[in-house]
Amino acid sequence: MKIDLQNVVNEIYQKHLDLKIGKPASYIPELSNVNPDLFAISIVDVNGQIFSAGDSTATFTLQSTSKPIVYGLALAERGEEFVHSRIGVEPTGEAFNSIIELEEKSHRPFNPMINSGAIATTSLITGSDFSSKLEKILNWFELFVGHKVEINESVYLSEKKTAHRNRAIAHLMKHFDVIDSDIEETLNLYFKQCSILVNCVDLGFIAATYANQGVQPKTKKNVLDRAKVIKSLSLMFTCGMYDTAGEWAFQVGLPAKSGVSGALFAVVPGKFGIAVYSPKIDEHGHSYRGQAVLKDLAKRLNLNVFSHMSEEGRQL
Amino acid sequence: MKIDLQNVVNEIYQKHLDLKIGKPASYIPELSNVNPDLFAISIVDVNGQIFSAGDSTATFTLQSTSKPIVYGLALAERGEEFVHSRIGVEPTGEAFNSIIELEEKSHRPFNPMINSGAIATTSLITGSDFSSKLEKILNWFELFVGHKVEINESVYLSEKKTAHRNRAIAHLMKHFDVIDSDIEETLNLYFKQCSILVNCVDLGFIAATYANQGVQPKTKKNVLDRAKVIKSLSLMFTCGMYDTAGEWAFQVGLPAKSGVSGALFAVVPGKFGIAVYSPKIDEHGHSYRGQAVLKDLAKRLNLNVFSHMSEEGRQL
Amino acid sequence: MKIDLQNVVNEIYQKHLDLKIGKPASYIPELSNVNPDLFAISIVDVNGQIFSAGDSTATFTLQSTSKPIVYGLALAERGEEFVHSRIGVEPTGEAFNSIIELEEKSHRPFNPMINSGAIATTSLITGSDFSSKLEKILNWFELFVGHKVEINESVYLSEKKTAHRNRAIAHLMKHFDVIDSDIEETLNLYFKQCSILVNCVDLGFIAATYANQGVQPKTKKNVLDRAKVIKSLSLMFTCGMYDTAGEWAFQVGLPAKSGVSGALFAVVPGKFGIAVYSPKIDEHGHSYRGQAVLKDLAKRLNLNVFSHMSEEGRQL
Amino acid sequence: MKIDLQNVVNEIYQKHLDLKIGKPASYIPELSNVNPDLFAISIVDVNGQIFSAGDSTATFTLQSTSKPIVYGLALAERGEEFVHSRIGVEPTGEAFNSIIELEEKSHRPFNPMINSGAIATTSLITGSDFSSKLEKILNWFELFVGHKVEINESVYLSEKKTAHRNRAIAHLMKHFDVIDSDIEETLNLYFKQCSILVNCVDLGFIAATYANQGVQPKTKKNVLDRAKVIKSLSLMFTCGMYDTAGEWAFQVGLPAKSGVSGALFAVVPGKFGIAVYSPKIDEHGHSYRGQAVLKDLAKRLNLNVFSHMSEEGRQL
């Protein structure tokens, strides 16, 4: 990899600086108060080297980018078999907040990347009480980020107050015995995990930890074992971008996850993690700039997993 | 790759020789007349070396394993943009023969791996008349297989006679202006392509051509350009196994395609193609033995695309 | 009934003469060639007395208003039990041309008023060949109308040529063994029955025959036995207006059936039949003027079945 | 009406005394504690005369039979136009507890007889606080029954504790702005109204009040104005029996409403109300005996609304 990554990041940042379409998410009122022009790109490689451009120290809430990370914690705590019996790994062709996609036979949520599956995932985290569960989740994120994280309480309260659809989804899963836990506690944990504050470099380190087979590039701690990293990447590849996951695989070809705050990260296994932050989102809940940047990077650096593999394979 | 592949193939063949569940497809009457105990595994590497076990010379019809190949022909003939405007690349969570999954807005079929999308794909093949279109399709398959192919006329006629659901799907797409062609001609072409006869080694060469970036390993002809190979692999990864595609990605992690004849192939980019034939299928239309063999091979040889990439990446 | 019906008809005709919204059906090309301003109202009482206004001699094709009549013939020929085993009587909340509403368990069409159920109904008519079946259907309609009827061949051919959705529905029912007959023959019969030409007075006599317990008011022939009249009225009440049937029951409260040609008839049991013809239709396929006229008549003459019954009951 | 109704009631009671299939509802735990063999029939005519057989003093909770009565209160309080803007009147073809049937465009519940529509209806009842709203609802029921009513607190608490699906439905309607009220308060009112205790004669008086154009036959009070009675009957005819409403109209032909407690009432406008109580229910939530008794009564006494009207009409 002789490419000057910092130079590539700068160029692509400049190219997309003027993108004007889209606006911040409004369904969580507090999210709409953000500066819509914020824009950052951060690539973090498996050695922990950082290549950033733009507002890389501006903080934002993780929202749905938190989902694969908590899924990893659930796998670590409850084992793949048990987690899989409660939450599938199948893409749906439906939007992230669909309530109808509970499988007919088992009533399992289709996958942990959509809200139903993510809430069910959070319900599996163990602990003696709310505080101990929350602390466990925060500690887990800190392992990926490499330092302490905080929660944006006003986003949390805003989401808690308005999340009637998520509440509906949770009650329906309780009805179908998909979740055993107390609904309000589970939702509060879920809203808290969505409200964790990071900046674009932090998100780059999360992605880089996956790229580095579960070892955080800076702290060198083995945060997630290799087998679970592989499962997580597979899941992000087929389900991470909801009802545009197939299109994403076709155009970009990298495991990725987006959040309605405008966060988006993608993983280039063995090489680096890529994070973009720009709060203007499309109707699927994906950052406009985030998608454009990733498409450009994937094309320019030939990052598509199948493209990459074919080349590596031939060199052997 | 120092592994003795022939030995691995022999062992896994023996391990699954006694698998008893499932029975051949019955919805195409002629398909149910096959010997249900047939079983073959063929790995063909990018240099054209063959590692086979079992009934590797027994012939069978391609059925849905023909879909990605004809999609490649459509891409080559009509260009990605046009093909994409007619047929999406999104997984559905629905069965292969679903009629309800025509996108609400555009009425495009969700992807070319389900029947609706595959029929629409075949409708895009150009030619002055039925014969010239059929000849073009047969020639296309011959490039992948490396020799002449024939059609099983009794399977073709059996399918043509009983395919009321596929006829319904075609008429609905005509209604929505997804297909412009004559419906009977398109269906006949589609039934013909599904009835092409190959053996397990042939299917292995098809898979190996994808693994070898579009160059047929034996003839060394560049059958499909590299960019279209990447698109095809992405598509097979997210949509090739229909409503178990997510599960397949999670458990096996390789681009693959199955057919109700009991055919199944998977691609290990840069390395080799894997083909399995065993006519006993499950309720999703996938060969029981085919799936079991692939799961074992993927685990034993560490073939999951993300697993592989992570390792390769670290060696750089 | 001391009301001067002719006067009421005249007044309501004048009131709605200027209604401007809507346009003729365009999905059958030939239907769009009609004069969109045509407008007729005809009430025919159980004694055969006629109260008409407007273009009551202008002819139009029956389209879906033919459905309950052929359903009566199927009941007469095959018996209620058999017909019921093939076609339900349940309203759906879906549009008239929905293809997804084949019941999950039995795959029966929900009811004979939507296209799927109507095509299945026509498939049940017996006869040695196409001509004898067609003749039987025409004779059946002639019993209701009281004279010979003809078919508009250009509408028939136009519908036959463009009915891809109906063809899709028919093939899907063939797939599910809901229909045993030859699909093209059944569809041709169905398109012919839809293309029968009547004028507004004729349609009034059809409605009046139902109002008169199955006895045609002019010929005094007992066309349909009383028990089947009751079943037909019940069916038209819950399903005749498709996905606005509930709204219609709530606002008008009379058994009715509409057709995309702009035909609409309603039945006031024991009293009279009401027919309206005006080709401008809404998105549900109902005549705008037809609906407005019926709402006014129902309100003015207190025709709602429950209103009427309550009053009659009290007089006993 | 020269028929000896008491004799008919006795005969039909005896005929169905031995019916063995079905069991009491179990989804509300407290409901399953009832004596499953209880069985009562009560006909109350428009003059207040009572014809009963069986356990006609055994009390049971109204459950869904409360829905049309509270809908009447909402109409009286808020006006038809406003109520209609929030809750449709369209049958759905779906089960009583379906969560997916919120209209795509307006997100209104399809009708007030299914749970979503009934909860939305209860949310419209006005009052300064919970107690005043509850008192208003109880007073409203007392007008129909003719005496004070009580609530079965253990059924109420049992339903309140386990109603995860109803809670999901309420939150989803809150999300779509269909309901403005506090969800817990509305659900508590709804569970209370479902837990009102009556016996079979009481339920007969409710039905008779509808039969008598809104005038309670014993107290002679005008409880519901005539226009709203007509609307209520229309609604019960098309939607009262959920996804078997069409079948019910076809086989029985009377406005009716069932509840999972085993209560069922039907209205013969101008003549009498019919109530049946027998707790063994089928998969649609309807009492087995209740349905069988009504089918027999309708056939024996020729009660089908269209049958009746045809005859009455001819006598004029």
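Quick notes on this one:
Read from first to last, the chains carry the letters A, B, C and D; within each, the first residue is number 1.
Convention: a contact is a pair of C-beta atoms (placed from the backbone, for glycine too) under 8 Å apart; a residue touches a chain by one contact, two chains touch by 3 or more.
Note that the structure is predicted; figures quoted are calculated from it, not measured.
Each step here moves to a touching chain, and the least such steps from chain A to chain C number 2.
Each chain gets a centre from the mean of its Cα atoms; for chain A and chain D, those two points are 48 Å apart. The distance from the centre of chain A to the centre of chain B, with each centre set as the mean of the Cα atoms, comes to 32 Å. Note: centroid distance chain B to chain D, computed from Cα atoms, is 56 Å. Within chain B, contacts with two or more other chains are made by no residue at all.
Working note: touching chain pairs come out as A-B, A-D, B-C, C-D. Those residues of chain D that touch chain C in the shared complex are 1, 46, 88-94, 101, 110-111, 211, 213, 226, 229-231, 233-235, 237-239, 243-247, 249-250, 253, 255, 268-271, 304-314, 316. Put simply, chain B touches chain C in their complex at residues 99-100, 164-165, 167-172, 174-175.
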